[in-house]
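After the structure tokens below, expect a handful of questions from me.
First chain written, first letter: the chains are A, B, C, D, E and F, and each begins at residue 1.
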Amino acid sequence: MWASAGRSDTTMGKKVLILSAHPDDAVTCMGGTICKLQAEGHSVSVFAFGNGDEDYAEPGGSAEAVRRYRENTEKAYAILGCQLECLWLPDFADFQTRELYRECIRAIRKYQPDIVFAHWWAEYFQHTTMATISRDAWNQARWLCSGDLGAPWNPAKYYHFSGADGVGQITHIVDISPYIERKLDAHRAFAFRFFDKDNDDAENVRKRNAYEGSLIGVDYAETFQRSFYFPEPVTDTTALF
Amino acid sequence: MWASAGRSDTTMGKKVLILSAHPDDAVTCMGGTICKLQAEGHSVSVFAFGNGDEDYAEPGGSAEAVRRYRENTEKAYAILGCQLECLWLPDFADFQTRELYRECIRAIRKYQPDIVFAHWWAEYFQHTTMATISRDAWNQARWLCSGDLGAPWNPAKYYHFSGADGVGQITHIVDISPYIERKLDAHRAFAFRFFDKDNDDAENVRKRNAYEGSLIGVDYAETFQRSFYFPEPVTDTTALF
Amino acid sequence: MWASAGRSDTTMGKKVLILSAHPDDAVTCMGGTICKLQAEGHSVSVFAFGNGDEDYAEPGGSAEAVRRYRENTEKAYAILGCQLECLWLPDFADFQTRELYRECIRAIRKYQPDIVFAHWWAEYFQHTTMATISRDAWNQARWLCSGDLGAPWNPAKYYHFSGADGVGQITHIVDISPYIERKLDAHRAFAFRFFDKDNDDAENVRKRNAYEGSLIGVDYAETFQRSFYFPEPVTDTTALF
Amino acid sequence: MWASAGRSDTTMGKKVLILSAHPDDAVTCMGGTICKLQAEGHSVSVFAFGNGDEDYAEPGGSAEAVRRYRENTEKAYAILGCQLECLWLPDFADFQTRELYRECIRAIRKYQPDIVFAHWWAEYFQHTTMATISRDAWNQARWLCSGDLGAPWNPAKYYHFSGADGVGQITHIVDISPYIERKLDAHRAFAFRFFDKDNDDAENVRKRNAYEGSLIGVDYAETFQRSFYFPEPVTDTTALF
Amino acid sequence: MWASAGRSDTTMGKKVLILSAHPDDAVTCMGGTICKLQAEGHSVSVFAFGNGDEDYAEPGGSAEAVRRYRENTEKAYAILGCQLECLWLPDFADFQTRELYRECIRAIRKYQPDIVFAHWWAEYFQHTTMATISRDAWNQARWLCSGDLGAPWNPAKYYHFSGADGVGQITHIVDISPYIERKLDAHRAFAFRFFDKDNDDAENVRKRNAYEGSLIGVDYAETFQRSFYFPEPVTDTTALF
Amino acid sequence: MWASAGRSDTTMGKKVLILSAHPDDAVTCMGGTICKLQAEGHSVSVFAFGNGDEDYAEPGGSAEAVRRYRENTEKAYAILGCQLECLWLPDFADFQTRELYRECIRAIRKYQPDIVFAHWWAEYFQHTTMATISRDAWNQARWLCSGDLGAPWNPAKYYHFSGADGVGQITHIVDISPYIERKLDAHRAFAFRFFDKDNDDAENVRKRNAYEGSLIGVDYAETFQRSFYFPEPVTDTTALF
């Protein structure tokens, strides 16, 4: 049996938790939605894992990469104005461990979010693993178990985000037109130069969001898949309309 | 671009259209939800195709089968209290034709439903075909096209129902506890004896609905998959909570 | 509810029905298994549809193609020694019609087979359609319906065969080593020259069957997928061993 | 056995055939690639089926819609400068018939293309059916069969295009930057007003192509999936690099 | 090549091994089948891993949870009357390790079962991992390898069980009507209160089993999917009937 | 954005890297293609992980197994004449670790291959894991990251190989007719006796390759699936022919 989720009576002042492999994933995949949620009176917290220690192009650059990534992360989150908690683990680490699974449950119980956003199974490696441990932590956080990790909590809804590979069947398209420049500023704060020493890919992110916007007739949008891992119980058919 | 659907300001007095291969499919798959929708103030119309001319066990029984099926259909719909329009076509007919595709578009434009329910791609033959033509008619009914079939109409939501084979990923589970006996009465009105001359399978339908109810902690329920063939445009994040 | 299938007490003298788009499909895909079944005391009937009227390379050759295909079919079936009933319909005809669906039900009720073999959803066009109408006819032949088509019959088992594209998940691999030459003789009787005017592809069929044999350590084999469209009811756990 | 495809020694002056449900599908989905192919010295022919008789919003407008659609089609193809052959069949007609299957084989044998482009199984109704009959016609056009439809022909490559629903796994992304305005002009020639009486969706098409361009670092692109229904025979490993 | 499995001549007195993430999974998912197998003269052993150390709702309750879970496990297995061997590892531990993979191979070689039952890839985390390591251990236990883990053994058949998320395509439905109360008693012995402090979910398990029973016309049943990871070699066509 | 891959102007003298769970996998799955690539002037390197320490049938045989596996590996690679680098890790080890992921990136950057061959997601355990870490290392090796592991490198193409379970949708079939005996000699050098103390399975490998050859009309072939994880950017339509 799926426990029914507790929902507050109002849609104002909700709490949102984003489980993100690295701090930058939340920014690039849903930075506009973060801005919009906050502008509409909700609070957003990001819980992340990686420290960027592989983000350096010249030998011996790892320690400096960690320092720089942390500094840039702070800039980006200052621009977005949302809360971040990060474990600062090494990149490429195996995330499918007892410890990190417990950390996800602990985060859900600590932040008591109304909705959770987490990775989809596309892209690569840690993002794939995060998709699994996030969804399963969502499942078990609501059980009467693991009392040391906090009291049971059952976020009412759960959405997948993804980078350029998409979320498969899109279920929601969020209009982020007023926030696109702020999102791109936050994205640029990371100063990623993964493919081109002279340019980040902020303009590519803009094009993706413009295309996604065109699907619903707005300038810029971000796309999500709502998880129905727990189907929606309908006691009043209003929920169907 | 997906056109945004017009939704009325209230959730009272909505219109529901069910596209059903035969009149009995709507009863067996979602008879409880039909009762519940009506009890909550909504109107429900069923648009169906088949006449039951293959529902006879002894040679030469086809004409009598048609007569009996029609009579039983009337009984069943009187019990449910919802409206039925049926084309009374032969069973086993090919449904993937220009004519029936146009009939589906016409029905959607005529009834102007807020939500549509239709078959899922499981089970067999005509049900599979109905799943395709219903969904595609939902798509094209909202276009500025086929003016002879009525003015464009865009139902805001679309759900799949299914018989014993299920709807794949369940997204909604409707509590039908108060209506289970009425649904089973309507189901029994068809007096189907497909596998056993002495018993219909109403008790099996009861067990399925009891199991589905147990998934959300109620006595009886019916299960659906919401179609996201058109993703949900989100202009106000309230839609995410 | 799935009706339980009637099975006779003995495994001797069973009846086998093969639903085949064209008479040659049964030969190429499972000719060895046909021989083996007969050698072990079972009777095999093939029910087929197409007349080969597109099997000609020069303009104006259609009528002669029909005559030649029929003659070759007779030779091939004489070699295999099994029964054939064919509707001799035009090639490329649409098989998803009320008439052919009824013919499939009629054939199952007429031959009253213990097991049915039919196409898988691979390859192309009519084979794909045959996969659907055969399986659905298997479903409805057992209903107390369509009395003009014969009394209800429920074959106990159903297997898919396929040409070079395979049957997806293989569930059974039949050792046909003693019958390979007879199968290839029957295959050659059709004298197909689809890709090479000077050679049929009998040696390619041999290589496929040799490879499939190597999967179970025998010289030649054919592969099948058992359909579990109706799961196996287990009243005595012997069925699990 | 898959017959190996005849390929000419040069890549100049190739012939391209596009199988398109309606004439406009080829324009919207791959108009830029049509321009690019022609600019690089190849010839492009489109073979289409539908006449647009459902493209009218007011009752009684069907005849005028056919006339207008035909006129607009001529304008659009004049802009692109490529050849069109159309059967002008009614919209919504069932395409999975013996006649249309034969027409597809006939077209492939008549145009003798080096490569074919055709629909993917997404979107709706006729597009789904076109995906099946086009691919199967590609298969059978190369057989030594159906002599009345022309001599066997085996196009070396086959690509799927699609509208806004995409082609699943993208395999090729074609840079169409120099041709985007010409493509949009051709698209606009159809003057479609499916969702908005005052605007066509040319700017949405632009956004989609901009996003697809950003995937490979160019301004505008169109995306395709190469069909490996027939795997690539490799006799010289050069084909692997 | 798949090695052919050794099968004894009789179906009496077979050995059954169940690989279960936790001892309770075997009870909830297939406790009725365990009873039935034993009642028909077969022996059943369960090999499990987890110790329940996360099954506590109040902080600091882990040690007591382990003690209680062990005690309850003993009660449940006493009710079922079948053998249990458990490694009592921490919950949430990563099961995809060299050590646990070797333990699975060792268990299969030690118990020398005729058939194995193991998890399906549904549900979550450790159940997903168990599905992989169990099936792969089934594969490698029969190799002439890893001599320290015992002599090669090849169980003839392998079935997947699952909790409420089901096993995908059901292939076998076992009538457990006479054993339902005993199964539910064993289930209740665990005294799970995952979602409701006052009630376990035994009545939900009853409803699921009633629904599954209705699929084959009996009161209660459990459902399984037979694995055809190794297809069935057929040397005598009796195996097909 | 996907970075475009650097390709040299000539197809002669290319570098090929094979990522192989154990040294023998590359031989059995694509030994013929290795020979062919070298005969056509390309260089082939294999990077592997496992040491064969589980390949012994009698207790206590592990150390001797490691020695023998290494000796046989040398023989096999001398027959093929290609380069091997192996980490000689224990069999059954977990490959999804930070260390091995980094080793894969390091190997791609060190060998700077034009094309990579790696496992497909079929078969079992480590092969499944290798499929994931190889593809993801292919992705990240081209990033401006992890400077200690060498300079970024982007192999232009990537193919999947597989053992008897196949690669799903085949995209390339390589004619290995002249090299079949050399491949089988190399295969036999491993002297595997996994299922039969008196015979290796070289003749089964021959039958598989004969069947795969028959698909394109040659004596022996090996099959592959090209990965389109990064779609092909097309700036000149020549790439489409």
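Everything below uses one rule, namely that contacts are C-beta pairs under 8 Å (C-beta built on N, C-alpha and C of every residue); 3 or more make two chains touch, one makes a residue touch a chain.
Since we're looking at a predicted model, the values are computed, not measured.
Common neighbours of chain A and chain C, listed by label, are B, D, E, F. Taking the CA centroid of chain C as reference, the farthest chain centroid is that of A. On superposing C-alpha atoms, the copy chain E sits rotated by 120° relative to chain F, to the nearest 5. Residue numbering at the chain C/chain E interface overlaps substantially, since over half of the positions present are found in both copies. Compared with chain F, the chain whose C-alpha mean position is the greatest distance off is B.
Of the two chain pairs shown, A-E and A-B, the one joined by more C-beta contacts is A-B. Separation between the centroids of chain B and chain F, computed from CA atoms only, is 52 Å.
Annotation: 36 Å between the Cα-based centres of chain B and chain D. Under the contact definition stated at the top, the residues of chain D that touch 2 or more other chains are 1, 96, 164, 204, 214-215, 217.
Contacting chain pairs in the structure are A-B, A-D, A-E, A-F, B-C, B-D, B-E, C-D, C-E, C-F, D-F, E-F. If you check the complex, the residues on chain E that touch chain B are 164, 201, 203-204, 207-208, 210-215, 217.
Every residue of chain B that touches chain D in the complex is listed here, in rising order: 1, 3, 96-98, 101-102, 132-133, 135-136, 139-140, 142-148, 152.
On chain D, the positions that touch chain F within their shared complex are 1-2, 4, 7, 11, 14, 33, 36-37, 40, 42, 114-115, 156-157, 159, 169-175, 214-218, 221, 223, 228, 231-241. Chain contact summary for the complex, chain E toward chain A: residues 54-62, 90, 92-94, 96, 124-125, 128, 164, 193-195, 197, 201, 204.
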